[in-house]
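To keep things simple, chains are lettered A, B, C and D as they appear, and every chain counts its residues starting from 1.
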Amino acid sequence: MVKEKGPNLKVNLGTIELDNPVITCSGTFSSGLEYGKFYDISKLGAVTTKSFSLKPKKGNEPPRTCEVACGLLNSIGLQNDGINSFKKDHLPYIKKLNIRVILSIFGQDIAEFRKIAKEIVDIRQDIIALELNLSCPNVEKGGMAFCTSTDDIKNITHEVKQITKIPVIVKLSPNVGDLSMPAISAREGGADAISLINTVIGAAFDIDSFKPKLGNIQGGLSGPAVKPIAIANVYNLYKENILPIIGMGGIYSWEDAVEFMIAGAKAIGLGSVNFVNYMAGIEILENIKKYLTSKNITDINSIIGRASDKIKR
Amino acid sequence: MKLLDAEIVNNIRIGEGLYKMEFFSPYLCKNFKPGQFINIKCSPEGLFDPFLRRPFSIYDIENNFNVVSVLYLVRGKGTKYLSGLEKGDNINFCGPLGNPLSFENDKKVLLIGGGIGIAPLYLMAKKLSGQGALVYFLCGFKESNFRLLEKDFLRLNADYKIYCEDGMWGEVGIVTDEFASGKNKFEDYKVYCCGPLEMLKKLQAIFSKYNNTVIAILEEKMACGIGVCMGCAVKIKQKGGFAYKKVCSDGPSFNLEEVLFG
Amino acid sequence: MVKEKGPNLKVNLGTIELDNPVITCSGTFSSGLEYGKFYDISKLGAVTTKSFSLKPKKGNEPPRTCEVACGLLNSIGLQNDGINSFKKDHLPYIKKLNIRVILSIFGQDIAEFRKIAKEIVDIRQDIIALELNLSCPNVEKGGMAFCTSTDDIKNITHEVKQITKIPVIVKLSPNVGDLSMPAISAREGGADAISLINTVIGAAFDIDSFKPKLGNIQGGLSGPAVKPIAIANVYNLYKENILPIIGMGGIYSWEDAVEFMIAGAKAIGLGSVNFVNYMAGIEILENIKKYLTSKNITDINSIIGRASDKIKR
Amino acid sequence: MKLLDAEIVNNIRIGEGLYKMEFFSPYLCKNFKPGQFINIKCSPEGLFDPFLRRPFSIYDIENNFNVVSVLYLVRGKGTKYLSGLEKGDNINFCGPLGNPLSFENDKKVLLIGGGIGIAPLYLMAKKLSGQGALVYFLCGFKESNFRLLEKDFLRLNADYKIYCEDGMWGEVGIVTDEFASGKNKFEDYKVYCCGPLEMLKKLQAIFSKYNNTVIAILEEKMACGIGVCMGCAVKIKQKGGFAYKKVCSDGPSFNLEEVLFG
C-alpha cells in the first residue's frame, strides 16, 4: 500500500523554516531533555529554550508559582545558568535528540544582549533562530522597560542579528496596550518574526496571612485564562501585516492551536500546557494533521489568518 | 517515569478530611522507590479547573495486588475532586518523580512525620524494616483524625509512637516533645522527616546540636513536577550563600541542615 | 438577648459613603429589578446601573457573548435605552426597592457627557454617585479613545462634576498598560474614586466556520480568568495612593472579595458572577461579615490595603 | 422564578449523545408553563469550568411524582458534565425563566420540531391535547438516535409524524418536506416550531405564503438568562428596521415572521 501523503505542514517565518508549526514556549520546556523522555520531541517544529542571560541568574524568592482560575501565575525571575551553560550543558543533548532549537536570550540592556550575541556566534549552525525576550514582566530592569521603548527593541534586534547572523524572533508582552509599535520596531530592527504573547501581569494575595502568594508579589499569568487576550493580539497584529507571528498564550488543545492559526499565527507555542499534559506537543501536532485531513485541507498555510477573510468590515 | 491512566480500586474516607485512594498500577509497583512522588491530574479531562497537577507521595504498595495507595488530606479544589472519585473511575498520573532515597547503610532509622507528612514515611518504614533495619516511627498529629491508621502501623515491623495535640491518641503533645529532654536518644540513627514547615524548622534547630544525618522531604508548590519550570525552588545553603534547588527534580529530599527556611 | 454588634462595614470613597463595600458592576445587574426577585438588594452597599448614553443605543451584532475558560467574552456594545429611560423606567423602581444607586454613563465625546450631565441634574438626590465609563473596549469611538487621552479623562470628570454636583467615579480599562496616568487625570478632574478593572480585550474564533465567535469580533473578557490581572492593578494603584479604589474583575466568592480589599480596594464590584449565582451579592456580603468576625476584626477598613503592610521592600 | 437545588431521580442515555434527566421539583411542577425554560449550573460547586449556566427546556412534567425531565444532547463541556451525573446527585437550577405561551384560543395546533428542538414541544403537545386541542406533532431528525422517544409520542393524545434523514425511522427526509406540495394542509392551525436555524429559516419562507400564526421558540447564547446582560439579542422586525430583543426575557417565543435571521 502506498502511504497516503498527509497535508503540508511546512511554514516559514521570514527566513525561518519549520517542518510544522508546533513549537514550545520559552521557560516551559527547558531545552527539551525532560520531555524527550515522554515522546520524540524532534518531531516538533522547534523547541524554544528557557531564556538565558549572559551570567547565571538566581531567580526570584519563592513561592514562585501560584495556581489561579484556569491558569497560573509565575515569578520564576528568569533563573538560568547563563549562556555558557547552554553551550556546555544543553547543546550536546539538543544535538543528540536532533531538536530544532530556538535559543531564547535576554539581557538587562543593549550591552548585555551584545555580549550574549558574541558568545553564540560560534554555535550559530546549531540553532535555527534566536528569540529575544524583551517582555518578561518578572524582572524589574530587563524585560518591561524595553517594551515601552521602541528604540531599544529596534536597536537590540539589529545588533543581535548583525553579530550572530541568526534569524531573530522578538517576543512581545501584552502589558503595554497596543502591540503595533513594538512590532514595527522589531521589523525595523530586522526581526524575522514576533512571538506573542508573553505572560500578563497579575498578582494574588492570601486572605489569612495578608501576604502575596508569590515571593515577588507580582508575576506573569499564563494558561487558558489568557487565551482570548492572546487571540485578540494575534488577530490584530496579523491584520496589520507587520511580521510573521508565533502565537501563544493559553493553548491547551489542538483546537486552541488551530484557533491561533485561524487568527493569524504562522506557528504556535505551547507553554503551561506542558506542565499539565507532558504529551501535549505530539498530541496537538497529530491532531492538527487529522483536522486538516478531515477538512480536506492540503496545506496548513491556507488556514493561517483565515478569520480575516471571513470578516467583511 | 511514565504518564499513565490508572483505575481506582478504592477511595475511602478514613478520618475527618482524610482519604486513602488505592489504584491499580503494576508499573508503579515495580518502579516506585521510597522518597519519590507522583503527580495527579485533579480535574476531569478537558477541563481546566483546577489547572495544575498535584504532587502526592505513595503511602503504600501492595505488590501482590499491583495496587498502590495515596493518603491525602482534602485541602482545596484538587484534593476535593480526588475525594469525589470512586472505585472504577480513572486518574491520570505521572511517576515516579523525584529522586529515590538510598537506604543502603541505614541500620537504625528514625522517621519523624507531622500530619500528612507521614504519607511518604510509611512506605519507607515498611521497606526499611523489610531490609532488616531497626525502625522507630515517630508521628505527630493535631487531631486524632489519622487514628484509623493505627492498624497500618501495627502491621509494620517497627516501633512507633504517636503524639496527638488533642490528647485523643497516643501521647499528648507535639512530635518535637520527644527531644525535650535535650539528650539525644537516637544518637546512631539516620533520621528522615516530613511534615509542616514549623516542625521542620524545630527539628533543624534540635538536630543542629547532634551529629545525626537528617534528611527532610520537602514540599513546595509545583507547576511542572519534572524540573522544567523552576517553580518549586528552595534555598539550599552553599558556601558563601545559597543556591535555589528544585524540590521536584533535585529533591524532594534534602539534608535538613542545608535547608534555608524563608 | 442583645443582638451582638457585628464588625463595622462602612467605607468611604471620597465623599461617597457606603454602608458596606459590596456593590455590583455596571452592565451585569441592570438597575437591580431582576435581582430584587432573588434577595433584598437594598442590603448591598450600592448597585451600579448599566451604562447609559444620551440617546438610545442599539448595541452590537449578535452573537454577543461567548464562554471562554473561566470567564466570558462580551460584545454587548452598550445597548441601552438612553438616559431618559433611566429616569422614566428605572428610577421609580430603584426608589421603591430602596437601592443606593450609582449611575453609570458614557458618551462619545465631552459634549455628550456634558449633555447627559445636564439631564441628570434634576435627579441628583436619587443617586449616590456617577460612574463614568471611559473604558469599555466594545465601542470604537466612545470608550477606548478616552483612556489613552488623559486630558479627556480630566476634562470630562471636571465638567460632569461641575454640572451635576454628584460624586464621580471614573472607571478604567486595563487595556492601556499602566493605569497611573489615567488615575491621576481622574483625580485632577476631581473624581472621588476610580473603578477598576473594566473588561480585558479578547477574541475567539470558531475552527469550523473560521468565523469570530462574537458578532463584533472582539469583546471584553471578564470572570475569574481576569482576577489576577485586576488584583495586580488594584495593588499597584493602591500603593500609589491616587484615589480610593473600587476593585472588580473576576470576583466569584467572598474570598475573592476579601482578596481585593487586602490588595487595596475600598469597595468591591460583582460582575459576571451575578450571571452564575444570582444570590452572589448577599452571600458575599454575609460571608465577609463572618470572615471579619472569625478574625476578630471590628472594622473592615483595617484590612484595606493590608497586603502592602506585609511587604517590606 | 427561584434558584434551587434539586435531586436527580434518573439520568439515562436514550440514544447516541441523547440523555433524559429527571429531577425532583415540586416547585417547577407547580409553576413551570410551556414555553419557558430553566438554567442549569453545569459545573461542581466552586469550580469555574464551565463558567456559565446552560439553558434547557422542560421536556415533561410528571405531577404525580413531582418530577420534571430535561431532554438534552451532549454538545460540549456543560452537557458532558450533566451526562455524568447520577441518581442522587444534585443540580442547581433557576426557573421558570422566559415567558409562558398562551394556548387560550388554540383549537388546532401544529408543532414542528427539528432535532433537540422537540424538547419544549413535547410538554406543549401534552398540555394542548389535555385541554382538548387537536394536535399534530411533526418531528424531523438527522439520525434515529431519538427513536426511543417513540414510546413517549405514543402516550400523547396527538397525531405525530416523524421524518428522519437516515431513513431508519418514519419517513425519509426533512420536516419541511411536509410542505413540499405547496398547498397548506394546516390552514386553520396555530403553529409552534423549534429547531435548528436552517429549519426556522425554511419555515419562515414557507409560511410567508400562508396566514397561519407561527410562533418560533428561539435559541441564542445566554450569559445571565434573566434579562440583565443583553447578551441573547435577536433581531426582531419593527417599522423602519429592527430592534434587538432578548431571547431570555422577551422570548424565547417570537412571531416567526418578525424574526430577522442573521
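In the analysis below, a contact is a pair of C-beta atoms (placed from the backbone, for glycine too) under 8 Å apart; a residue touches a chain by one contact, two chains touch by 3 or more.
A quick note: this is a predicted structure, and the numbers were derived from the prediction, not measured.
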item	value
Third chains touching both subunit B and subunit A	C, D
Comparison of A-D and C-D (more C-beta pairs in contact)	C-D
Distance from subunit C to subunit A - Cα centre to Cα centre, in angstrom	34
Subunit A and subunit D: spacing of chain centres that average the CA atoms, whole Å	46
Whole-Å separation of chain centres (CA-atom averages), subunit B against subunit C	46
Multi-chain contact sites of subunit C, meaning residues that touch two or more partners	68-71, 223-224, 252
Junction residues of subunit B - those touching two or more other chains	46, 48-50
Arrangement of touching chains [line / ring / star / complete / other]	complete
Residue ranges of subunit D in contact with subunit B within the complex	43-44, 46-50, 77, 80-81, 84
List of subunit C residues in touch with subunit D within their complex	27-30, 34-35, 37-38, 50, 58-59, 61-72, 74, 76, 79, 215, 223-224, 252-253, 272, 274-279
Subunit C-touching residues of subunit A, taken from the complex the two chains share	68-71, 73, 148, 175-177, 200-205, 207, 209-212, 217-218, 221, 223-229, 231-232, 235, 250, 252, 255, 258-259, 262-263, 291, 303, 306-307, 309-311, 313
Residues on subunit B engaged by subunit A in the complex (per definition of touch)	1, 3, 41, 46, 48-53, 94, 220-235, 243-244, 262
Contacting residues of subunit D [partner subunit A, same complex]	48-49
